[in-house]
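Look for subunit A in each of the two complexes below; its partner is subunit B in the first and subunit C in the second.
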Partner chain A sequence: MTRRQFWTGIVALAVSTVLFIIPFVFIAIIAVKDKREASRMGFDWPDSWHFWSNLVEVVEARNYMLLLAYFNSTVITVGAVTVLVVLGAMVGYVLQRRDSKWNSLIWAGVMSGLMIPPAVVPTIWVLQELHLFKTIHGMILIHVAYGLSFAILLFRSFISTIPRDLDEAAIIDGAKPLQIFFRVVLPLLRPVTVTVIVVQSIAIFNDFTNALYYLPGRENVTVQLTLFNFQSQFTSQMNLLFMNILLITIPPLIVYMFFNRQIVAGMTAGAVKG
Partner chain B sequence: MTRKSPYPLWFVAPAAIIFSVLFLVPTLASFWFSLTRWDLFNAQFIGLENYEQFFKEPFLIKGLFNTVFFAAVTSALKTTLGLLLAVLLTSGIFAQGFLRVLVFFPVLVSTIGVGITFSKLMHPTKGAINVALAAIGIDGPGWLTDPALALFSVALVDVWKGIGLATLIYIAGLASISPEYYEAARIDGATRRQMFWRITVPLVRPATVTVITLSMIGGLRSFDIIWAMTKGGPGFSSDVLASVIYKQYQAGFYGLSTAGNVILFLLIAGIMLPLTARLNRKEVEQ
Partner chain C sequence: MAQVVLKNVTKSFGAVEVIKGINLHINDGEFCVFVGPSGCGKSTLLRMISGLEDTTSGTIDIDGRDVTGEEPSKRGIAMVFQSYALYPHLSVRDNIGFGLSLAKLPKAQIKAKVEEAAEKLQLTHLLDRKPKALSGGQRQRVAIGRSIVRDPKVFLFDEPLSNLDAALRSQMRMELTDLHAELGATMIYVTHDQVEAMTMADKIVVLNAGRIEQVGSPMELYDHPASPFVAGFIGSPKMNLYDGEIARRMGCSTYGIRPEHIALGTEGPWGGTVKHIERLGADTIVHMDSPEVGQLVARIAGDRPVRIGDMFRAAPMTGKEHRF
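After this line comes the complex of A and B, so read on.
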């Protein structure tokens, strides 16, 4: 490392501390202050610490709404990601392996899913007709529909690196299509599967807009909406609002620490090949 | 063909059904419902009245203009700053790995959380930004309270949150440029600046195309960050199409809201199709 590289690094570190760390420090400081101190929005060190009492108060607020929200968000995330992985891999597999006249149609679907903004009110209408509006499983299916394009793209490009010889060996051994897929191909997709799981989990856990439209109702609350519900209630209690922000920021932080590499792989997939 | 294919098309069916019913059908239906007065149960055909209203109401036109402004500003900043950051974070500087992690983290954090946090930091009198500016003798503006500035402030926060993804894509793009080009240029006596403009910028082009495409589509559809920070205010000064769609939906004007959806769709198609065609054509010419 040259002297120049060292000092550029120091300057970059100083600038990015101000830009990228201070906002998070701000969240943490406000979250541990008492009500009156928090309302001053200052950066000063807390006069007295209220970490635990604020935490308890946020969790207990509105009859344990945050716990219910955590439960709902977890069910939605796990459900949607599971379906996404299986269905996305199946489509990516057939799309990559088979040269069919349907391929261009499938591609058109994938591309439209990436580009077109969902038509919200007509979607509510469809959900209502199917009795899926305001239901957790309806929300899961919506996330599947919206996330499929991304999952298919990742799976298809990864499957192209798996030699066809493997499928052919299984065919000769008399394996059925489902057996080939679940016993031979799917286990080999582990790296890309982890990427899809991690990236989609974070996206679905952080989803606000879709839950706002398709999952109204107190019993259906999700974590991002607690923030919004509390914002009006907590206008004079910024410490609790920020404790809530802190609590819902932690899961993605943990996921990021463990799966940094897979997240990077997923986010840049296909970006460079053009 | 006597043998059945080992790659049966019915593998596609479950995904295709979910996608069609919950995404394609509503999209197609939106064209019809945008021509009606609609309460989810009865739709009464009223022709182009919703669209007429959309283009007559000043605040709705403002939303259309704001959508394009927001997408253009965020996309331009993410592209230029993302490339510069990527060059910096691949040049072997001190703490490079840590800085990459740091810049990327906001991408994964809740947009609503970020929006609320920055709306407090941007408070005109008590917010940390203006307190810091006052300390060095500058009278900070009302970031979110000044109608002329509000949308731009939100755009800055959106860039703060999204810059990590652009940087990441550029870092991957830079890694695919062969170092031989730089060595050859160095032997010929090229300066850093020349190498950046003559080698890096042209050869990192696929990454640039991706960053522009992703940030334009994302920018045109933005809703969370605006809703969390200003709810379209003050007045209607920071309303975009996505927030207009939500407001009309809340007010029960389902036909009008759906017309907004169709306009957003046409706007995205109208901007993205020529843009991607242009970006890809230039790539072929090289």
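After this line comes the complex of A and C, so read on.
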């Protein structure tokens, strides 16, 4: 390592500490303070520790709303990600493998899904017409629609690295199209599937605005919306709010820590032919 | 065991016709090699026989049955790919048994068949490995094993040895020849390597630009090439071919003489200066510049002393000349 590399490394570490670690430490410190001390929003060491009492209070708030929110968010995340993976892989496979004059049109449709921002009010009209508004499965479909383009993009580029010979060998072995997909192609998509699962589940689990627009109702609450429990126009309980943030940040963080190597592998696969 | 008969087979990709009317009869149990330069349509023709590529017109019969519109899996063929095309996520055992498990055979029967094939190809100790833990030659054997278990009427090989190194390639050539003798099945083998064609084939089909140039046994093609193309393609180093004024003097439009049929010495119609020498051990290939014919290549005994700049007279052996 040269002197120059050493110092650029130090600077990069310092910048990322300021950007990522300090806010997290700030959240953790406020979360263990009592109400009065937390309201000052200082970055000082807590006078007294209230970790457990804050935690219990956050979980019990509004008749255990946080637990219901965890349940709802988990159902939405698992449901949406499952559909995204299966549909994304299938569409990506067909788009990559089958030459047809419709391909460029379909591809334009997929790309427009990435480029055109969704409009909230018309979407609500559609949901209402289909009786999907304020329902968990409606929310799942919304997330599938928003995430599908990106999933197809990733799957398609990954599938292009799987040699066509494998499909043909399976055809000669007597496999039907669905058998080729599920028994030969899908198992080979593992790296990119992990990427899609992690990226999308974190995005969906952390989603605030879509749940706010499309999923009103007390029984439909998702984790991000529980943040409203401790914030109001006149009084805010900062210690509980930050404890809540801490609690709902941890699951995605764990997922990310376990899978980050595979995410990079899945993202870059297909970029360079191996 | 089956005959393969192609009748007026053509293939077009859009406006481009890549296979231009092929008629071919491959006998039961024959080892038939399609050989030709890249882009001549040999792989396309093999893929048409396998059913992976549609036939634009004409018919393909396998074992007396017209299979032109049939699914690949219904044609009674098995194919070995250049890239081996092993399923990377499956063990060797599952790779070999994949087709059988798709056909929903009982587990015990699959196991027995897979082990029998593995035995035949000395793969028994590798059955539980994944393809990535195998060497190139072993992968090739697994790919062959996958085709054997299906008991096909016809085996198709698409340049199966081109990813192997030279030593392994010659070993696999012998193994394939042995396998052919053991199974007695009809085999169609595509290669661009005329050495593979010469050493393995019962029948060689030389293809050029979507047409058959000549069909025959290896020695027929070597001794009696029907066209300058075949003459130049079969045999290594290439036959010396001359056209224009030199050929007219010989009474033909193209005159050919193989390097091994030129005697170098003090007598002969052509003079020449040695420009380049390739020593192969047993033989030496001598490249010469000749004022009479231009470039001239001759094969001489490996122990004969020769140096760059040496002058020789070259004489073609009578009866070994080719006139087209």
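Going forward, the second predicted complex is superposed on the first by the 238 of 274 C-alpha atoms of A that agree within 3 Å, B and C clash if a C-alpha of one lies under 4 Å from a C-alpha of the other, contacts with A are read in each partner's own complex, and residues count from 1 in each chain.
Note that in this section a residue touches a chain if its C-beta (ideal position, glycine included) is under 8 Å from a C-beta of that chain, and two chains touch if they have at least 3 such contacts.
If you're wondering where the values come from, they're calculated on a predicted model, not measured in any experiment.
Student: So, A:I171: does it touch subunit B (first), subunit C (second), both, or neither?
Tutor: Both: A:I171 reaches subunit B and subunit C.
Student: So, does A:W125 touch the first partner subunit B, the second partner subunit C, both, or neither?
Tutor: It touches subunit B, and subunit C stays clear.
Student: Contacts for A:M139 in the overlay, against subunit B (first) and subunit C (second): which applies, first, second, both or neither?
Tutor: neither
Student: According to the stated criteria, A:V196 is in contact with first (subunit B), second (subunit C), both, or neither; which is it?
Tutor: neither
Student: Contact-wise, after the overlay, does A:P163 reach subunit B, subunit C, both or neither (first, second, both, neither)?
Tutor: second
Student: Of the two partner chains, subunit B (first) and subunit C (second), which one does A:V184 touch, if any: first, second, both, or neither?
Tutor: second
Student: Which subunit A residues contact subunit B in one complex and subunit C in the other?
Tutor: 171
Student: Report the residues of subunit A in contact with subunit B in the complex, numbered from low to high.
Tutor: Listed in rising order, the residues of subunit A that touch subunit B are 1, 5-10, 12-13, 16, 19-23, 26-27, 30, 40-43, 87-88, 90-91, 93-95, 97-98, 100, 102, 106, 109, 112-128, 130, 141-142, 144-146, 148, 152, 167, 171, 177, 180-181, 202, 206, 208-209, 212-213, 223-224, 227-228, 231, 238, 241-242, 245, 248-249, 252-253, 255-256, 260, 263-264, 267-268, 270-274.
Student: Which stretch or stretches of subunit C touch subunit A in the complex?
Tutor: Going through subunit C, the ones touching subunit A are 50, 52, 72-73, 77-79, 81-83, 85-89, 98-99, 102-103, 146, 150.
Student: Along subunit A, where are the residues that touch subunit C in the complex?
Tutor: Per the touch definition, subunit A meets subunit C at residues 163, 165-166, 168-175, 179, 183-184, 187-188.
Student: Spell out the residues on subunit B that touch subunit A in their complex, using ranges where they run on.
Tutor: Residues 4-9, 11-12, 14-16, 18-19, 21-27, 29-30, 33, 38, 40, 88, 91-96, 98-99, 101-114, 116-118, 120-121, 123, 126-128, 160, 165, 168-169, 171-173, 175-176, 205-207, 209-210, 217, 220-221, 223-224, 227-228, 242, 245-246, 249, 254, 257-258, 261-262, 264-265, 268-269, 272, 283 of subunit B touch subunit A in their complex.
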